[in-house]
Amino acid sequence: MIKVGIVGGTGYTGVELLRLLAAHPQVALQVITSRADAGTPVSQMFPSLRGYVDLPFTHPDQAHLEKCDLVFFATPSGIAMQQVRALLDAGVKVIDLAADFRLQDVASWEKWYGMSHACPDLVAEAVYGLPEANRSQIKSARLVANPGCYPTAVQLGFIPLLEAGVIEPNSLIADAKSGVSGAGRKAEISILFSEAADNFKAYGVAGHRHLPEIKQGLARAAGKEIGLTFVPHLTPMIRGIHATLYGRLAKEMDLQALFERRYANEPFVDVMPAGSLPETRSVRGANHCRIAVHRPQGGDTVVVLSVIDNLVKGAAGQAVQNMNIMFGLPEATALNNAPLLP
Amino acid sequence: MIKVGIVGGTGYTGVELLRLLAAHPQVALQVITSRADAGTPVSQMFPSLRGYVDLPFTHPDQAHLEKCDLVFFATPSGIAMQQVRALLDAGVKVIDLAADFRLQDVASWEKWYGMSHACPDLVAEAVYGLPEANRSQIKSARLVANPGCYPTAVQLGFIPLLEAGVIEPNSLIADAKSGVSGAGRKAEISILFSEAADNFKAYGVAGHRHLPEIKQGLARAAGKEIGLTFVPHLTPMIRGIHATLYGRLAKEMDLQALFERRYANEPFVDVMPAGSLPETRSVRGANHCRIAVHRPQGGDTVVVLSVIDNLVKGAAGQAVQNMNIMFGLPEATALNNAPLLP
Amino acid sequence: MIKVGIVGGTGYTGVELLRLLAAHPQVALQVITSRADAGTPVSQMFPSLRGYVDLPFTHPDQAHLEKCDLVFFATPSGIAMQQVRALLDAGVKVIDLAADFRLQDVASWEKWYGMSHACPDLVAEAVYGLPEANRSQIKSARLVANPGCYPTAVQLGFIPLLEAGVIEPNSLIADAKSGVSGAGRKAEISILFSEAADNFKAYGVAGHRHLPEIKQGLARAAGKEIGLTFVPHLTPMIRGIHATLYGRLAKEMDLQALFERRYANEPFVDVMPAGSLPETRSVRGANHCRIAVHRPQGGDTVVVLSVIDNLVKGAAGQAVQNMNIMFGLPEATALNNAPLLP
Amino acid sequence: MIKVGIVGGTGYTGVELLRLLAAHPQVALQVITSRADAGTPVSQMFPSLRGYVDLPFTHPDQAHLEKCDLVFFATPSGIAMQQVRALLDAGVKVIDLAADFRLQDVASWEKWYGMSHACPDLVAEAVYGLPEANRSQIKSARLVANPGCYPTAVQLGFIPLLEAGVIEPNSLIADAKSGVSGAGRKAEISILFSEAADNFKAYGVAGHRHLPEIKQGLARAAGKEIGLTFVPHLTPMIRGIHATLYGRLAKEMDLQALFERRYANEPFVDVMPAGSLPETRSVRGANHCRIAVHRPQGGDTVVVLSVIDNLVKGAAGQAVQNMNIMFGLPEATALNNAPLLP
């Protein structure tokens, strides 16, 4: 059994991680920390977990995370980097669901996140946890930077095209739409039901923190710098990301075959039949990414549609997938339940 | 392995049954029928099942249901009664998720459902599949009438009070609210998104088909006829039923203890701590019924709050629970995943 | 022109008041106060008002409310009572949309609202602004206590029955469902989109502040104390209240005729045809209350369905209606636009 | 008073037209036709109109539309073209809210709409009713083709850029998101609440009927053929379109000033301050189009955000605006109420 600790279990990625880990046959959940809610049973805050998670939240000072085999950070950015070194030194593996270790360019990270990085050397060691791009490094990693939700959906959609050089890399467009849970479980007016329901809007058009993360990943796939316009939107649903991706065709190729080949062995990327229109609900609660590739009106613009559940493949599910890889378990362990539809 | 067939797999109870059965370790799904969609892969209609259910819909005439160990009817009412006798004669067990066998009073059934019953003798044999009331009969049943969604939520909330004679049985009120999936997957204007979203309404006030079913169950618990006013409402959510139940106190008793005692050994009824306010999302996608009992302002009106997922404990999940009981399996098999929240 | 000031214009009742007053031909909007947002243009916070309201928010200290003819308080409870005396002394009329002057029993008010009342003598003078019960007093009032949203829907539904003595007054039940805007524009986790969407729950079962307000109004209609169980629920829509009311029949009467007679001259109460099922969206954005009365299965339980828009007839619209009455204008001025459906 | 008839009043554009016209001081509503619902009071089908519209639906054969001054067609495409000639011959003006007269290229129309056109000569006469592009022709038109919802949002966003030659016209991208009411009031499974809620998807990627309409309008603005990729999406809200438009910058210009200048005198186009993020709810129920122009990260991709209410500026409101222009009324008559927010 893998002894697992979770730092920061009161947000949506935290409760989702708990839901998934509660069903994991190889995981012994040891401790979940929360400074504000120490002592409160987890299942009191999240009654959905009654009967599944019996732990209370523990104050970070009493958590003894160093006794775990693996610690997940489901915290805001800037927390994990304060604690990771001690854990690694104690032989504990770490998966950070926040952004502290996602950007290899520390200066860029400091600009986008508005703080100094506490351990740039560990950034260099950290492995970006997108299994479809990085599986072998994840296998042996001590520290995994779990990707952001938008970056997961966007990268999985663009990677086959960029690796194959099929589209011009300097004018990519990612028009992405997220359910409101992507904004987190924070007391903010803009994500109140009465503000976000029956409404649609763009945000972060001038610049969103996921932009440099996506660009880093796509540059790696393309083998060179890429140019990307990324416009995220808020859509009135709880879970789900739908990325609509646009690229200019650089050469002719059977796009459907390209995608099918690229993801042939991926357990969680489903290349749908030609002409498909993936819906976010088709992955609700599950770790799948469903993708369809189109070439409207036979023109030279390629359109890729990519959907994930932002809390699963876009966060907690991918973290469990990474854990499975790191610990040599079958990759789909605890991730093999069908999506919830309707 | 239990060889299972499903008649009518294109509605919401059908697809939910498929979701649950796909994860059931003792079930071998043999056939799913649909007259209109014969030949279409199930996963084409429900992409959420891609990778989980590989069968196509089969025309009823080619289904060979008699080779199954168990057949679920996820059909409109009036279908199962045409086919059950032949299946029972062939040694196949049957769980009907529709209403054909729910009312022991055939005349009442014919009035409420507007048709003649095809096999009144089988009605007498059928067992009403509410495990919390009827577990031992279900165990040995050939034919189980799976309860309706409202009847499940309402009965589980009232049963402890009526069995104990704590409330006056002649003036019960059940104010129930259902998500829209309870209306089924039918092309009807009144359940369009643009009609049902951002809207709330009562319906069926003059009389709803679940009224006689609830009264039958409550009378059994009370040991005499009961009087019930039942008002169902449509609320803009996909899944979930919230029943708010009102009864007049007939004698003093520790109500919290009464409920906890009554359901102490029930795997799927969760009596919440005193003062709790169960939310429908706390059971989303799961087979639980969560209940809280209140006595507002210390008055003589008892208020019970009872929530279920109408498609799980209110339909497909309860059907799987009944199957597990009928076949001697652990009752929670394939029903032990935590609800999806948020 | 009536010179109007608004104290506290940043909540939902405030913005709704602005929407309605912007179209009022007899109103000159003078000032809108907000301590936190002084200097910000109203239309920057609420872009829907671009081109309709050109004022910025003004700091309360610079507001010169005493120069207005009428001041609306769209503030949390406890604010208006601090400022009303000075305004009345300056000859300004006041409509308080909060609860400071709703309860004639000051001790009860202090218990339910958890503070001492600053001006009990003005409570005695204040007129409860439910025009259908109190029109003549409102006409000559200096200080109007605008009713709560639930109290409006519940009182309008029960009043005809209680005035006529048709139902037993000691066992009333009001099962009410509100859209989320009723909880206000406050940064609280429980009303986030991701918490409140696709979810249904009861709240305040043990006791809600609107309970004494409703009981006060119903006792007045009945001419004696009444007994009421009031259970509010949160439903995933933005606007709207649906009150489902239950009473035990005390004598026979033509209920439909009773309601039609009682509200024959009311511009904003619509008694729907027998058998109707009013929907909240049928009053969205408008000042109407639509009511239907039922007697299910011919039994002795009367069921009244009453719907309003909580922000209009339940708050800002009723306040404008009261203003129109107080200033001798046609009662429907600026309130005569059809509801928004779908 | 303008004597107005409506053909096909049972859809969402029909009921919205009724809502707006009921408040129009210069309109005398004469007749509303519906074959299926002849005899039914309009307010029975749409209780929101109780007290606002007293007419019943009239069978087309008894409608005497030739006695009207103006007839609106709120019908599916293919109906108006059968009846327009007779009306024009009788001196009646016509506004078609469907697509029969939107495309000047009849062959293209016949391809996209799959039928032969009944009166190609009238197509030539018809004026495309986008006031911001065509006001003077509308003024004298007998027959106005009211634009589609997507075409309105997309054209208003691109026109300033194309007229000024600021972007390359051959690689335009319009990523558009629509509320579900845009799909109409039709009994179809895909737009049921349980299918469309909590879900997001693209549709019509291979080709949507609004594509040629948009291209026709943009070509006119550009003065030459343009290339457009148009991807519409369905988002779980009732009303609203959000168009996110992408163009490649061809030359430097002050984009904010360009938009402000272009729409300086337009009563219904609101160019928001630089950096704004328009929300669909900011135009809910109103005839406004709000637009913001961005140049993310200072790159060469221009991003325009354009929002409308699909049933108002995208249908019924624009039709009333066109009527006002055709009959010499102030253009905002009956269109000057603030949007409904929240």
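When the chains are written out, they are named A, B, C and D in that same order, and each has its own residue count from 1.
Everything that follows uses one rule, which is that a contact is a pair of C-beta atoms (placed from the backbone, for glycine too) under 8 Å apart; a residue touches a chain by one contact, two chains touch by 3 or more.
Source: prediction; values computed, not measured.
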Which of C-D and B-C has more C-beta pairs touching across its chains
B-C
Counting contact pairs by residue number and requiring over half to coincide, which of B-D, A-B or A-D is equivalent to A-C?
B-D
For chain C and chain D, let me know how many angstrom lie between their CA-based centres, rounded off.
36
Chain B and chain C, separation of their C-alpha mean positions in angstrom:
39
Could you list which residues of chain B touch at least two other chains?
12, 179, 181, 185, 194-195, 197-198, 236-239, 278-279, 281, 284, 342
In the complex, go through chain C and note every residue touching chain B.
171, 173, 175, 177, 179, 194-195, 197-203, 205-207, 211, 227, 229-231, 233, 235-240, 242, 244, 246, 248, 275, 277-281, 284, 294, 296-297, 299, 301, 303, 305, 307, 342
Of all residues in chain D, which touch chain C in the complex?
12, 15, 18-19, 22-23, 46-52, 181, 185, 197-198, 238-239, 270, 272, 276, 278-279, 281-286, 288, 290, 311, 336-342
Quick one: which bits of chain C touch chain A in the complex? Just the residue numbers, please.
12, 179-181, 183, 185-189, 191-198, 236-238
